[in-house]
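Paired with chain B in one complex and with chain C in the other, chain A is shared by the two complexes that follow.
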Partner chain A sequence: MLLPCRLLSSVAPQRLWVGLGSRVTGSVNSLTSFRAINTSPKDASTPAVQHADEENTSTEAAKLKKPKRAPFIKNLFLGRFDKSVLEFPEVLDQDQHELLHEMVVPIERYFLEQVDGPKIDRDAKIPEETLQGLKELGLFGQQIPQEYGGLGLGATEYARIAEITSLDGSIAVTLAAHQAIGLKGILICGTDAQKEKYLPQLACGDWTAAFCLTEPSSGSDAASIQTRATLSDDGKTWLINGSKIWISNGGFADLMTVFAKTTEILPSGEKKDKVTAFIVERSFGGVSSGPPEDKLGIRGSNTCEVFFDNTPVPAENVLGEVGGGFKVAMNILNSGRFSMGSSGAGMLKRLLSWSIDHAVNRKQFGNYLSEFAMIKEKFGRMSANIYAMESMAYLTAGILDGQEDPDCSVEAAIVKVFSSEGAWKWCSECLQVLGGLGYMKSYPFERYLRDARILLIFEGTNEILRLFIGLSGLQTAGGELREVVQKLRNPLMNPGFIIGKGIERFRQQKDNPKLDLDIAGHLHPTLQPSAQLLEYCVKRFQYSVEMVLAKHGQAVAAPKNQLDVARLADCAIDLYAMTAVLSRASRAYCIGLKNAAHEIQLASVFSAEAAERIKTRVRDLEIGPVQNHDDLYSRIADAVVENKGYVAEHPLTRTFW
Partner chain B sequence: MLLKMSVPSLYRLLSRAVSSSSSIASLSRAPSLQHNKRNLTSSPFHSARKEDPLEETSLTIQSLFDSKERNKGTFVAACDIFMKRGPHRRGHVEFIYSALKLMENYGVHKDLEVYKRLLNLMPKGKMVPTNVFQVEFMHYPKQQQCAIDCLEQMEMNGVMPDTEMEHILRNLFGKMSHPVRKYGRMMYWMPKFKNASPWTLPQVVPNDTFELAKMAVERMCTVDPSSSITVYQTSEVEDALEDTWIVSGQSTVQQELLEKHPPGESIKVEGPFRIHLRDKSIGYFILQAEAKPKPPSPSRTVIDDVGSIKSWFTGELQPEETSLNQTCSVHEQEDGTILALCVTGTSGRDSLLSWIRLLEKSNPCLANIPVLFTQASPIGEIMNVEPEKHHDEITAAT
Partner chain C sequence: MKLKPEVRQDRPSTRRVQGIRGRVQLFSIKSSPFTITMSLRVLVGVKRVIDYAVKIRVRPDKLGVVTDGVKHSMNPFDEIAIEEAVRLKEKKIAKEVVAISCGPTQAQETIRTALAMGADRGIHVEIPAKEVEKLEPLHVAKIMAKLVEQEKADLVVLGKQAIDDDSNATAQMTAALLDWPQATFASKIEKTDGELQVTREVDGGLEIIKVKLPAVVSADLRLNEPRYATLPNIMKAKKKKIAKMKAADLGVDTSPHFEVLDVADPPVREAGIKVEDVDTLVTKLKDAGRI
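What follows is the complex of A and B.
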């Protein structure tokens, strides 16, 4: 019994404090975002909790100065694993936490009691009084700062609210079109005057915003838009001409972020077309919209064509710089995607409980559905998937809130791809549990399934986002691997490097990479096997990135090599999911959350399966297009395209009698 | 359904085990401890003196805690008076020890704020060690032990400290002191134990029997996810003598079991049994049928014969053939089949009769089954939450 005492006193004081208290106390009550994030191995020597007398100054400083970190996934492409991510972020201080949870209650009640989802779906319109209720709850100005009349929520709080608003797809999309993309431009790069002028009206919902980028001829390829803006002779107004399609809220939005091509004259006298973003009020004139589109899902949201006919826009309404619109568009889209994880999870959690309700009451062959292993497996897998979705969404939100100038574009895209596919698949599986009942309109499942289908398409289709994930990672990696390649080409000048690399390669080819990242040291010991898997996957991923770059060179971005890029992107998605899941489960287990042991199970099973998937993909990359059948599929597709349809003869065809 | 072991008591047991090991680790202990259960050498004479907690405290302190009204307000006032006595706060250790003993009398033994106030009585800064030897050899041992005992009492009462507590301790004794280490251990274990029970209860369980009944029935019904809980009023039944409420829990599985019950065979209402919800307890009744003989486990030869796997698509199954893939429900226990359970406002015989009448609405077959009411309760006359009342009045007054 004396052992603990002796152990405690024999360790150096500083070390002991870190070992004993830092994880527990630091995680339970981390007062500031700074503290929650800033616990990488480098500064592990400083205690995670400071003295009370230092508290005031450090809190102040922390609020002003957040840590700056390199983008996580982009670095992962280089095999660098930022272990600070394994400290699941706790960015809300006590006041924010309590405020958020007080806020959630009325919103949840409103959605359960006042919002009539089936009616919105049937009438293809959100009733005026429902919208009014949403405005009164402040949901139209969630991320607008408080000085402009909004709620001033951070990413984490926004994600939490999105969990509830997703209970009705139409409302979720209307809100997202308004604030996640519609007015986000003003928040990100608007001038003070623009903010002053527009944000108060938008925050209270008097005005609704829309985001006008897509055109008939340019969907995912945003740089190819045709809408033009020409500067008037006095240089004070721009005239916008063109049309935009599928604009959410397009029928009634009072303010639109419109992207149009402007002509820029380079110093050399050359003319060049560049995209510029404008803030356009409907009242400027020349704005008209077509009839609302009839859609498969999210039927209550208003989607229509918007036409601009010589719409005059004052020069001060240019968003960002003239010619800098493409960057603005990308920034807006990149910043809005992360919340899809939490909204997908919010929706699935509800569907799961409904289908469990059915499964425990329905008896077939003398057993309840909930006793059948195949149904149970669905519930189990679904939970693990929801867990991953939530973890990724809140990890990303935590990074957005807790870091200085965070670059989360790839992470957000990952969250979007993973959760949209999960939402679609598991919505469908929930419906499957009910069988025929689920297919009926009297149950909500088919509506949620239709609503969920859009998630795979909008805000960048999943295919485009896979390329985005893969290529932006490869770009980062390519920048640094250039030196590696140069060294490899001059072996005599860099003998040590060559030998090291040779050994590394040898081990990788034997599928036995050296695990030296010590990921397990940053997680609860219970998760050690999963941590090993994650480490293995990180190493294999780095190897496959090098492999792909070596194989294709610059041509990796060419359309014919997309499959390899997509494989890397899928690996990155699974890696990020594993990281998020493990860090969350570890935190939960350390601080003793309710059902923490269950979380460990979820995390273990998810990471084991994700590791299997990564393993298969790396193997596919290793064996090349002939053995992994890419080649064959490509040739089949060529033939099908050439034939403009299915090529094979009908099975009943005979060549002789 | 038969959850005789309530989880809060388990929690207390565990936390006691932990605290005992941790307190042994925390070096020597002051002799005048409240929880000297482990002090095996103490004579009966020694422990007999301890009956009145005020007896051995000094006169001045006694006068501070002499107030007629014993609630949080007067307790805090006593602390404040002591605080204002001067910058030196002479005798703070004695004061804290006597305060600790009286906390339960004042009904503040579960109040974190009061514990913080007590620890704040100690002078800040003076006792922070300045070199390694002081750190290692328990600088100001009496004061550190006092703080440890304060934490110990918190632990015994299930009060979890917070970060402010840590700041107080660090400012008193420095970051490597024994109280801070004890705090670290507490913060490691207490959150885990706090959430160990799968049945969450509020920190303070309500004194209202009706609320308590709903919680109890809800907890017991978790064994079967298809359970539903209904609240009846006996006034719904004609010629009911008692006017009270009934919280009844029954699952669809139990309804089916009741339906399958042979009409002639009688079933019993048994109880009251006791269920604990933290420090409160309440009596509940069950509707129980005689235990059914277990279905014979399939013989070795049947399982081994893979030549004739029976399933739904091989044709309509005979009842004996389905027995292979049918399991007993959780309600079919060795000592009987539990068909429903309830808590009534009075626990009276008549309210139970009303319960059976009300159950008939959802279980029509009950009309044909004779129901017996057992006379003897396994735990004697039904208890209620009366003894706790006094204490809650104290907390309500604050």
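What follows is the complex of A and C.
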């Protein structure tokens, strides 16, 4: 049969693709493939929900068992769409909902009345009274459990409050550096003793926290840090030596989560360097900080170098396991990212109102600005993007709150990439609506724009996160596709499978995949066209994943293949956004929210455009690096780098007279 | 008596935050060398009104303003009243602060804000949504008087007026119904033996009076700067009790005594004109019927 042979060459090669990081273990050639996900294929179409009996009479004591689901995006790389996310999560019960909305009021008021944004930006400092007020409001302990003096809020409530704290970028970053990353390690993997010792004073703001990972020579490449921790002979104290840069709150933090390299001696006698996380108090000694950095934006947030000179750290202050620091760092960063979606959306909603206010009052050429199509387009597109940002943020928060031990690392990264780029772009567009006024310091737009620029850089640069999204998904897919490869290599033992796969492959190559997911069945009928688009995109995405794996195999993580991985990541971002907006719009319509029809419009137009973008990217993957210009740009870049600058001759150069 | 020369905006513009640790300095009682511990029960009225920052729009039927979907909050003068009562409790002059609101179901949110600021318990006198607009100061005063009797209160503190109807009548009517002394437009309250020494802001300046307890006080703008309800206090307030009742339970008839005929926007401000000299000015004013 000719067909199976052609299939064989277009799917994963015989060599096994092993993904990034050390999560994938096991022998390379074994038949029983190691899976990066822990669910069996039959889980995919019928969401298996495992609820415990609901015997809760009192809401406080109820420990309802939450359902456990497989990670959504990682499975999307395999064409598996968990339709349960089409039911937009309703996380808060009535009490929590009321409480949250009561809490929002004083926080908003405090920010509007007591926070002088321009002054904070000018002086590059948050006044002590303002910080004190924030501490007394309780904002320093939002996610710390109530028994340690915090508010015990979940992800959803934290995201909602982030919409308000984004009123001032410096304050938002100071708060996030303290609790979303600075002390999060203790929450996630601290021992009870560590929690009892440190959380109470961190919750009320008596102590502030900082997250110390980045070093001068180790930014994105976090595993290459050089700060060292050596264990004393009696095994009771670690001595930390090294320096960290760009540490938010570094100038005054009392408690720091510090990552340092420790040497592990393997059973074979070999020495291996691994990262370990430590809880370091400034009072331990040997800790000093440099002067605050002068920054483009978030100028009120303290950012500085932190130096450790033989800082003694008791052994009980190791966070997690010795040698397990990298995982701790990744877990911490993954858990805080999603709130950038709601804080970005909160900021953009405000800027949108201000720009609309200008546009409906300013007349040029006899028309109000708001009557011109180019201005209207900005408002329209911006609304759709804000809608996508919010939907993704709260969908992710809903999964974090509503599922048992959820793996939202890829989803959170997607929210971060989309929201940071959206915030930067739409902030710029709002400034543009005001024209010259937007450029003036007397208006807040330029400050918000400068504050927003950091969003694309910290907490994992968007480039790194795109690679993370792409490669995590590819790792998941690669693990599973091995089985597919096995079957393809044994066509006579698996004839049905071969034929099925052949037909599927044929349809994909004709850009006509079979739409069998019934996404439309889980959404309101008005959204049927968008649902069909989503299904089509999911199928094309799955096809492009297989294409990329087939093309690159193990080398997919190599530096020169990043553009293909980034394309997959961008598709995943658009898919998640489409899913989130459709899920949310459907719910809004079904439960009868005010302006639900408007939401349907936002969701439809966003999905239509996202689908176009996905189509283009899949096409680019199909036509290969020559026709999609990757090759050419790479060669141009090589020339420019070799020349240490622009290569083309100046246009005025002459060779003849 | 001269009114202090400082110029302030007519709404609380800056507040100090007083948290659970009570770090802010409270003003001291000047009149006696030693603090007097009293056990006053203070009733405070709080009203849910449209938020001061909202742009009001007249309803199409011209009989009221649009309230649907509009942001509401506690009347700013009532916030000042609650703050004063809570400070009295912190100085151990009062032993219990009860927040009372007459309004629709959502008035409970207002009571909860009062509880989060430090009131001990709340009473919600439920008024059906349709009747809320027609509720008059006299009705509220009768309700307050009845509750004073039931709760055996020693002091009633109200905001001087609500920012939606600007009646400035409830405190006065309540005092009259109870035959209690009243100290309205209070900008300072001091306790002296069984009396209160209250500084009142009046048109001519400041007036200082003494009223015997029990009394009714109405809070003016400069009495204090209300605290922000901190998030931990909001959570604690969830456990405090709010008693619910209807006006009929207190024997108060809430049928209206007057009818609103028309509600309209104030006239749009017209441009002024400049005149050459005083004679032209006088002529123009006479023509317009102003003099």
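We take it that the second predicted complex is superposed on the first by the 593 of 657 C-alpha atoms of A that agree within 3 Å, B and C clash if a C-alpha of one lies under 4 Å from a C-alpha of the other, contacts with A are read in each partner's own complex, and residues count from 1 in each chain.
One rule holds in what follows: a residue touches a chain if its C-beta (ideal position, glycine included) is under 8 Å from a C-beta of that chain, and two chains touch if they have at least 3 such contacts.
The structure displayed is predicted, hence computed values, not measured ones.
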Partner chain(s) touched by A:Leu99 [first = chain B, second = chain C, both, neither]: second
Contacts of A:Leu151 with chain B and chain C, given as first, second, both or neither: second
First, second, both or neither for A:Leu492, with chain B first and chain C second: neither
Contacts of A:Gly138 with chain B and chain C, given as first, second, both or neither: second
Most chain A residues touched (candidates chain B, chain C): B
Contacts of A:Ile356 with chain B and chain C, given as first, second, both or neither: first
Chain B versus chain C as contact partner of A:Glu113, first or second or both or neither: second
First (chain B), second (chain C), both or neither touched by A:Gly366: first
Partner chain in contact with A:Leu266 - chain B first, chain C second, else both or neither: neither
Touching partner for A:Ile591 - first (chain B), second (chain C), both, neither: first
Footprint overlap on chain A, comparing chain B with chain C: 594
Residue ranges of chain A in contact with chain B within the complex: 1-2, 4-5, 8-9, 13, 16-17, 20-21, 24-25, 28-29, 31, 47, 49, 51-53, 55, 356, 360-361, 365-368, 370-371, 591-596
Residue numbers on chain A that touch chain C, as the complex places them: 95, 98-99, 102-103, 105-107, 109-110, 113-114, 132-133, 135-139, 146, 151, 594
Chain A-facing residues of chain C, complex: 13-15, 17-21, 23, 69, 73, 109, 112-113, 116, 228-232, 234-235, 238
Touching residues on chain B, where the partner in the complex is chain A: 21-22, 24-27, 132, 135-136, 162-164, 166-168, 170-171, 175-176, 181, 183-185, 187-196, 198, 200, 225-226, 252, 312, 322, 325-327
